[in-house]
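One chain, chain A, links the two complexes that follow: it is found with chain B in the first and with chain C in the second.
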Partner chain A sequence: MASSRIEELKRQKKMEVSKKRNQIPYAILLTIAVLIIYLIITKYQITFGNYWVIGILLGITIQRSRFCFVASVRDPIMVGSTSLLKAILLAFIISTIGFFIIQYNAIASNPDIRIQEIPGQFSPVGIHTAIGAVLFGIGMVMAGGCVSGTLTRLGEGYAINLVVLVGFIIGSILGTKHFSFWDKLLISNAEAIYIPEYLGLFPTLILQLALLCVLYYIAHWYDKKSNIMASTM
Partner chain B sequence: MAEYKLDCLHEVCPIPLLKALKSLEKMEIGDILIMHTDHNCSIANVVEWTKKQGHYIDYIEIAEGEWEIYIEKAR
Partner chain C sequence: MGLYYKIVKKPWPYWVGGILLALLNISLLLITGSVWGVTTGLLYWGLFIIESLGANPASWYYFNVYSPGFRGGYTLILNPHSVLNIAIIIGALLAVLWANQYKFKKIKNMKQIFFALAGGILMGYGSRLSFGCNIGAYFSAIPSFSLHGWVFGVFIFVGAYIGTRILYKYII
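And now, the complex of A and B:
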């Protein structure tokens, strides 16, 4: 959607702007470098190569889609837009199905499996989760990027995120140093809850998918509703 | 039919969007806002927000990683 005056401005600017440098040679050089590193690290251990490829694919996805965890939780409140929140919910839905398949296979192949051995991260949930979430949330909104966002923008050449990265490293080191304190105070008292233990794997999948779909529809409805509110402003 | 310039270089998300929002409030219908930004998230969130508000918008990359966003206030 553009008016004729915007088209005119754009045409003027296009003539002023000198032709962009061709970036294809850099892309070829980088691809070759990536392949060489892949070959070198797979020699040490095959899983390193997998991590390398998955990391690069994730990075490309985050950069090209401007996927941003900060904006996904901030924009609904600030400007009433939930498109990124919906993207996050979709990601949750996909990973729920993916983890269901992985855990189902693990349990099917070994019915006597202990819960701690099921693939996935089982962490105790409690008041420390809320404290950590609030601290991390304040930090990421002020810094304008979560961990993945900071690294992506730094890679793009957005130098402000270098400051964020330094803060991020300091915070991680302090967190590691003080972890035993928090562990003694809160985490060791809390319990890791694995819902399929109580409900069964399949009902849990349905429940979680239903919950995520409801959240998705609420987000969709909120997006439409906030639009109407803004137009009467 | 005035033109307003908005310098958003080195501003982190969401400052460009908030600046655009404030300037648009002050502008008259038909005025054009020219935003200069180097934050690629602005392309996504400013464009989405402006379209939702019903204003005219388009953008152009004027250098590697630098964009100009044109917004015409429509209502």
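And now, the complex of A and C:
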């Protein structure tokens, strides 16, 4: 529990023991099933096929790279390792550039565009965002997995993540049921803030890239200074 | 054998994962017009379950104010969010099977169940307040230049710090 590195070594050891049984036939069967499902849902609705393919690739990527958002925020605190946080900052740098190009084109083709129509994810920001993030942060460290990590580990065969999933669904329902309380208290006064509306699209891009690079540098420095598990990467 | 071993058997470095996740999120926005999010799909599954049990969530305040707005042909089970979530589970299974590393791992004890359930509930409840999880309100929100992504990113560290205190106290 003390570090993901130890967990990883334990997992590798376990896997070496269980290697005897050949799983490739199941892999081939599942690959064929994935292709058949693709054909069926594409016929049902073309966009479903796109979501299916990208989802499969996301699952493979998270599993293969052992990507874990929990470890990215927990490990700097617990063991001083920031290799996952740095990977996420790198992902932010790349997706910031990609999203910028997509938004730039959308705005250029329709200068009167409303925030809600700009491609991306916009939600009201305020104290509720902070409360939600704190609750989420406590929960994901306690459960040992965030939501995407839970889905991935479900696929890997961890029974415990079914419990996390059930808990998550219960929590979502409770949150939705109590929503009127939070909305009247905090959310209805809050608005979604699209930073380029205040600073302009280009300055926001430059500022955000600069901030991400500075954070990357700090994370790199912090790892060198305080990582108790040297050379985790 | 060398390349097969590197891609299928050996874990990829974190930075490769980061680059690929970023490119996949960009592709998703480019192709479908929506970004990667996880929580909405799971909320719909929950709504499906309680609707089957006789509740009527459609009348709840939440859906009058922040209507999810189903377009033609979508249901609580058959919708893009569901497809994406199920595909992530299947994708991970596919990856472990090709690597010959699938193994069913049993639940260890009641303590583990308690922490999993409590953690799950806190995440679910929190994600309703922040309009998404570490994917929708963080991984997809920051590159969208939406301020809520940065707020979420700062306070998830506060939550993780409290969470590690709880872990130290009760588990380790």
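Going forward, the second predicted complex is superposed on the first by the 207 of 233 C-alpha atoms of A that agree within 3 Å, B and C clash if a C-alpha of one lies under 4 Å from a C-alpha of the other, contacts with A are read in each partner's own complex, and residues count from 1 in each chain.
By our rule, contacts are C-beta pairs under 8 Å (C-beta built on N, C-alpha and C of every residue); 3 or more make two chains touch, one makes a residue touch a chain.
Only a predicted model underlies this, so the values are computations on that prediction, with no experimental measurement involved.
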Larger contact residue set on chain A - chain B or chain C: C
Which superposed partner A:Thr129 touches (first chain B, second chain C, both, neither): second
Which superposed partner A:Gly200 touches (first chain B, second chain C, both, neither): neither
Chain B versus chain C as contact partner of A:Arg66, first or second or both or neither: both
Partner chain(s) touched by A:Glu156 [first = chain B, second = chain C, both, neither]: both
Touched partner set for A:Gly144, first chain B, second chain C, both or neither: both
First (chain B), second (chain C), both or neither touched by A:Lys10: first
First, second, both or neither for A:Val79, with chain B first and chain C second: first
Residues on chain A lying within both footprints (that of chain B and that of chain C): 1-2, 14, 23, 66, 70, 74, 78, 83, 143-144, 156-158, 160
Parts of chain B lying in touch with chain A, wherever the complex brings them together: 10, 12-14, 17-18, 21, 32, 34, 38-41, 43-45, 48-49, 51-54, 56-58, 60-65, 68, 70, 72, 74
List of chain A residues in touch with chain B within their complex: 1-3, 5-7, 9-10, 13-14, 17, 20-21, 23, 66, 68, 70-71, 74-75, 78-79, 81, 83, 143-145, 156-158, 160, 227, 230-231
Chain A-facing residues of chain C, complex: 7, 11-33, 35-39, 42-43, 45-47, 49-50, 57, 60-62, 65-66, 73, 78, 80, 83-98, 100-108, 112-113, 115-149, 151-164, 166-167, 171-172
